[in-house]
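Residue numbering begins at 1 within each chain, and the chains themselves are lettered A, B, C and D in the order written.
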Amino acid sequence: MSKPKFNVGLIGYQFMGKAHSNAYRQVSRFFDLPVEPVMHTICGRTEAAVSKAAEAMGWQGYSTDWRKVVEDPNIHVVDVSTPGDSHAEIAIAAAEAGKIVFCEKPLANTVEEARSMVAAVEKSGKPHAIFHNYRKAPAVGLAKRMIAEGALGKIYHFRAVYLQDWIADPNFPLVWRLQKDKAGSGTHGDINAHIIDMARHLVGEFEDVCGHLETFVKRRPLAGAIDDKLGAAASTEMGDVTVDDAVIMLARFKNGALGTFEASRFAVGRKNHHKWEINGSKGSVVFNLERMNELEYYNNADPEGTHGFRVIQATEGSHPYAGAYWPVGHIIGYEHTFVNLLADAFKAIGAGECPSPNFHDGLANQLVLDACERSNASRTWERP
Amino acid sequence: MSKPKFNVGLIGYQFMGKAHSNAYRQVSRFFDLPVEPVMHTICGRTEAAVSKAAEAMGWQGYSTDWRKVVEDPNIHVVDVSTPGDSHAEIAIAAAEAGKIVFCEKPLANTVEEARSMVAAVEKSGKPHAIFHNYRKAPAVGLAKRMIAEGALGKIYHFRAVYLQDWIADPNFPLVWRLQKDKAGSGTHGDINAHIIDMARHLVGEFEDVCGHLETFVKRRPLAGAIDDKLGAAASTEMGDVTVDDAVIMLARFKNGALGTFEASRFAVGRKNHHKWEINGSKGSVVFNLERMNELEYYNNADPEGTHGFRVIQATEGSHPYAGAYWPVGHIIGYEHTFVNLLADAFKAIGAGECPSPNFHDGLANQLVLDACERSNASRTWERP
Amino acid sequence: MSKPKFNVGLIGYQFMGKAHSNAYRQVSRFFDLPVEPVMHTICGRTEAAVSKAAEAMGWQGYSTDWRKVVEDPNIHVVDVSTPGDSHAEIAIAAAEAGKIVFCEKPLANTVEEARSMVAAVEKSGKPHAIFHNYRKAPAVGLAKRMIAEGALGKIYHFRAVYLQDWIADPNFPLVWRLQKDKAGSGTHGDINAHIIDMARHLVGEFEDVCGHLETFVKRRPLAGAIDDKLGAAASTEMGDVTVDDAVIMLARFKNGALGTFEASRFAVGRKNHHKWEINGSKGSVVFNLERMNELEYYNNADPEGTHGFRVIQATEGSHPYAGAYWPVGHIIGYEHTFVNLLADAFKAIGAGECPSPNFHDGLANQLVLDACERSNASRTWERP
Amino acid sequence: MSKPKFNVGLIGYQFMGKAHSNAYRQVSRFFDLPVEPVMHTICGRTEAAVSKAAEAMGWQGYSTDWRKVVEDPNIHVVDVSTPGDSHAEIAIAAAEAGKIVFCEKPLANTVEEARSMVAAVEKSGKPHAIFHNYRKAPAVGLAKRMIAEGALGKIYHFRAVYLQDWIADPNFPLVWRLQKDKAGSGTHGDINAHIIDMARHLVGEFEDVCGHLETFVKRRPLAGAIDDKLGAAASTEMGDVTVDDAVIMLARFKNGALGTFEASRFAVGRKNHHKWEINGSKGSVVFNLERMNELEYYNNADPEGTHGFRVIQATEGSHPYAGAYWPVGHIIGYEHTFVNLLADAFKAIGAGECPSPNFHDGLANQLVLDACERSNASRTWERP
């Protein structure tokens, strides 16, 4: 009622735009926030499409010029959900205009851009956030809490995969996500970035990495006007794939743990298989995004003869975020990770704090991605 | 824009009220409907609570008198989401007032009530629907489609359990769901009703049943003012549990298939374990609500040596409902089954048809429940 | 070395004969027994086959006349592994000849036969055993131990299925297992008997049951000389199937627990799916024969927020039988349940005790089977 | 009967000695071999122990001097099942004595030794074999057959882990497997060797690797006379751990596939977790030793909407090795992989061929292990 309103301007209306819009629509319905996010303006280049998106997704208005949104004095929060090549320009402009800035991951396509973005938000002094939304799944939150409480003891191993198969067909066209100038990288920045973030969130900072990036299919039919992986049409003309199809990476963490990482779009049968396991001296946990309401947990302190990995349904009231939704055993979905992230972000903003994760996490992630790319070139281990 | 508006009046604002409200809020965001549902009025007896619910859940207004909602000429749809003892009275009044009537399951607490409700909606000639929402999970929709297409062949077996454990503690209080006058029955009408509906939906009509209802804990602390299973406080005074804690039931279907059913609130460790398996001459399917985005499928026509139950992630664009949401592998949750149900219902209404499932399904379900209760008394098989 | 020798005469050399022979061959290799079982004589009607079996399976000699084996003063143990229609005659003769008698399950084809067999072994005063071998899987032994120690508390539910699909094809021939005069019954005595035994072993005695037996395919091609389910040839002549294809059964136990049972040979995709779950006030366990080295366990006393079904690999030295074999995580197979059963049996015999399970268990099982058959006829609940 | 006899001399009687002995005892019982293996002599240094082992495991005689076994003209096959530091000496002596030589894996502790061993068996011209037994699990055999038949298409990814936790406790003593002079390496030669062999077997030869070996706990209590991981007693005196506790490794294969490998004895909760996944252009397979009777398979050619990983129970008569044992759904265990390996080996020997896998595989494996160790030192990619 008397809560301070925060008008949001969302730049981008594709897959991420849809997910973010839903989150803004839902966050106040499930969480009691100190502030009121208002769905003020959505922005995209094509008026017919963005006006339709505005109505479909519940925005009060729309714009076809992101600069106007950034400069609009009625906008308090600018949410950058465009492809990675425009993140830096928009986010920096927003920061310079004194806005709170939210940004999709990866923060940028290069370390240099990411550094500029961090500099901009630090200069503005305004809150900033990055959409590493998987941190906000209840099961991941539970893992984080257990680790913080020492339930796993000293961590020895982190092993993660993020496997998809949507371009395994060599005739799948050359969409923007397969073009380095737009996407920055392929699996590396798109999905390896997610499991790198999980590692930083749950295990800690990286000491050094050794990685290899591979492009299995080097030329593909041009995609024409298609600009998202969800819809694509073939062309007879061919073009070069300029990003990686898969990446494999080893890591050492500063705390002595070892890590393995693999991201691929050629893992036939794996649709959105973001899975990781952590082994510590006192126990282990396993998470799989495709069963994101579950956390497997092994407790080494269980009585003799009764040890085993148990499947915790992270849907109890005592589990992070879960109490905001439904009774135990009634699962939530992918979209709720965005809702939870916004709940945390607006709670932080209401408390005068900077949300977590934020641009610093984005930069740290970018540094690991960059070290891996340098390692791919140098064929040796590199530090972030 | 020029879509006809349907103003909804929702009676009830507890667990089901929250789920229904979310579905009304979201349905037009994900589905392109021929009509526009409007969240007009929510109704509950306690003004402080219902006014708060109205705002939290997105209703334009609220009422403390369901009769006024039913009689309000601005209301087109009355959604009855109260405990079962008031379904008949409200739904019949709504039908008599010429409203479209939606009703939570079970349709009623007795066959007699259910018959009156069907008579009322038949007399009014207006559309009606019942919230057997689990029919609308994508994986269930896929199973239904496969059966309709003959992928399973002749069906031999249906076996289902719906297992919970929320009252296994003998000190859990005597909430309304444990009182026959309010809830009608215990597990039987609450959750056995769900798997009976699944059986009717997927296998067909029942020939006869044989069942046994059990109350393991016959007296419990009074619950005081607590009226929902989600929050409860103990009392030193004790009262009689007048409903079943568990039910086990055998069935024969008219098509010759056999069925087994079990519902319990004493299955320690099972939270919302609604699981069933169908075996047919050509293949089998397995569904588990706790992993509701998956359907297990065995195809007897697979090549020699490669048979096995496969886990279909029912999140592909070609799967029922899934295309409305996110890319493959990005799961949806419990609440989406209500969204999908409303999408189907408003599509049917827009087409001038009666939604499915509807009051006829509610009555048919009630007849099976009743046959099982008669069997429990007679100790022999009974027909619905 | 100086251990007393027990010469064994095995009657039957088909599937069970192979499994028993392996067990006699292996039991002393893995267990330190007080006595030495000697593979003295194997017996079957067809000399060419039984002589070959004797050599292949490691028996010192063979016979084509079970009466001679029973009367042979050098034989101490007679193991009856023939089809059920000859169990009673052979076992009673063996008991009358003063032999220790082991018998495959089901003990007999009728209660009357089973009673005579129990009377015979009681009269002889010699040890007797029945091959309810699944009791001897390490995971089942662990469940038994946990229940005995109170880990599950008061038991509320037992639900079991034993599902196969080897006769789902209507052209599968009329083998002896589908003929009542030889097999006694179909799924009922063959595999429902197994889960009934599990129930008696783990939950306790039955109060009453209500069951239904079904024959989905009532006529089949004659099988000719084929006498085992493993090999079969079709014929153009048809014959009547005189046993059940499937059975469904409800039960109440004397301790107040409820049970559901289902056995089928028409569960397409299920090969040897013997699975059960027990829910008690303090926890639950789940067993699946196809993953027989695992026991799922839910402990209600786990700390808040960390509950879940855990997969115990019952391969640790502290688990029943497992210490006799390989290190943890190195699984054993189906055949080892027979080895373990013989180990227990010969340990009991060495200690001057009667093995468990034994003929009394066989009779008790038969009484439950019989009550279910009576219930199938009377359409009401019957006591064993 | 008239089959040629092959007298076997087994050197070693610990864990592997027990597994090999069982396999010699059982192989002719389940497989119809062209030759007859005879359990002639078992050999160990401690007479009391080896004489007891001979009787317990079914050997005709024993010896305390491996040289006598190797020189015994009655011995045709020498099976080297000692720790790795004595493999080369014994195997070479056996080859020089004209024996058929079987050897446990890893073939040797160094490439140099392995080369000498290969030279020795090549010079002798006699058959040789190595116990990479996991190749012989039915599910692995099925995967091999499917790959050979093209069911997976072009292979893109191989990812494997072999995880254990038996030394995660820092107080676990310094057994021989933790001493470089005896064991050669830790997880690397012990279990990474297994998954490297799987990769060579299923994917093909390695192009280059990049790896890191880690010792998490660098000093441990001395173990005293304990010489096997299965039994161990602590000491107050401490010693240096001179082998790796864990290894992580990336690989490129000559056919363009990528590989990730991880072996650890610090993966708390993982007992014998040997798991791998292969992704090819037409499908994928997953194997887990702890559920070694199952192969998960994804067929990209399945009809739209019905894709999924299916669990094949590799227990059908048409599956490799499975037909020798029990009906479908009746599982076999760890020990059977040795039985199957001997069946293949003696069939090859009977046919005048060299078994597979053999010393060439052992050397090739050693070269990959060595490249990884060099990479660990050089911090760059190395070729085998």
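Points worth noting:
Please note the rule applied: a residue touches a chain if its C-beta (ideal position, glycine included) is under 8 Å from a C-beta of that chain, and two chains touch if they have at least 3 such contacts.
These numbers come from a predicted model, not from an experiment.
Judged by contacting C-beta pairs, the busier of the interfaces B-D and B-C is B-C. Of all chains, the one whose Cα centroid sits at the greatest distance from that of chain B is D.
Averaging Cα coordinates per chain places chain A and chain B 35 Å apart.
Inter-chain spacing, taken between the CA centroids of chain B and chain C, is 41 Å. As a whole-number value, the distance joining the C-alpha centres of chain B and chain D reads 54 Å. Counting only residues that touch two or more partner chains, chain B has 298, 307-309, 313.
In the complex of the two chains, the chain C residues touching chain D come out as 15, 19, 22, 25-26, 29, 56-58, 164, 166, 229-230, 270-273, 289-293, 313, 315, 325-336. Taken together, the chain A residues at the contact with chain D in this complex read 156-157, 159, 161, 163, 165, 168, 210-212, 214, 216, 246, 248-250, 252, 256, 258-260, 262, 264, 266-270, 277, 279-284, 298, 300, 307-309, 379-381. Of all residues in chain D, only 142, 146, 296-299, 302, 304-313, 316, 318-319 touch chain B in the complex they form.
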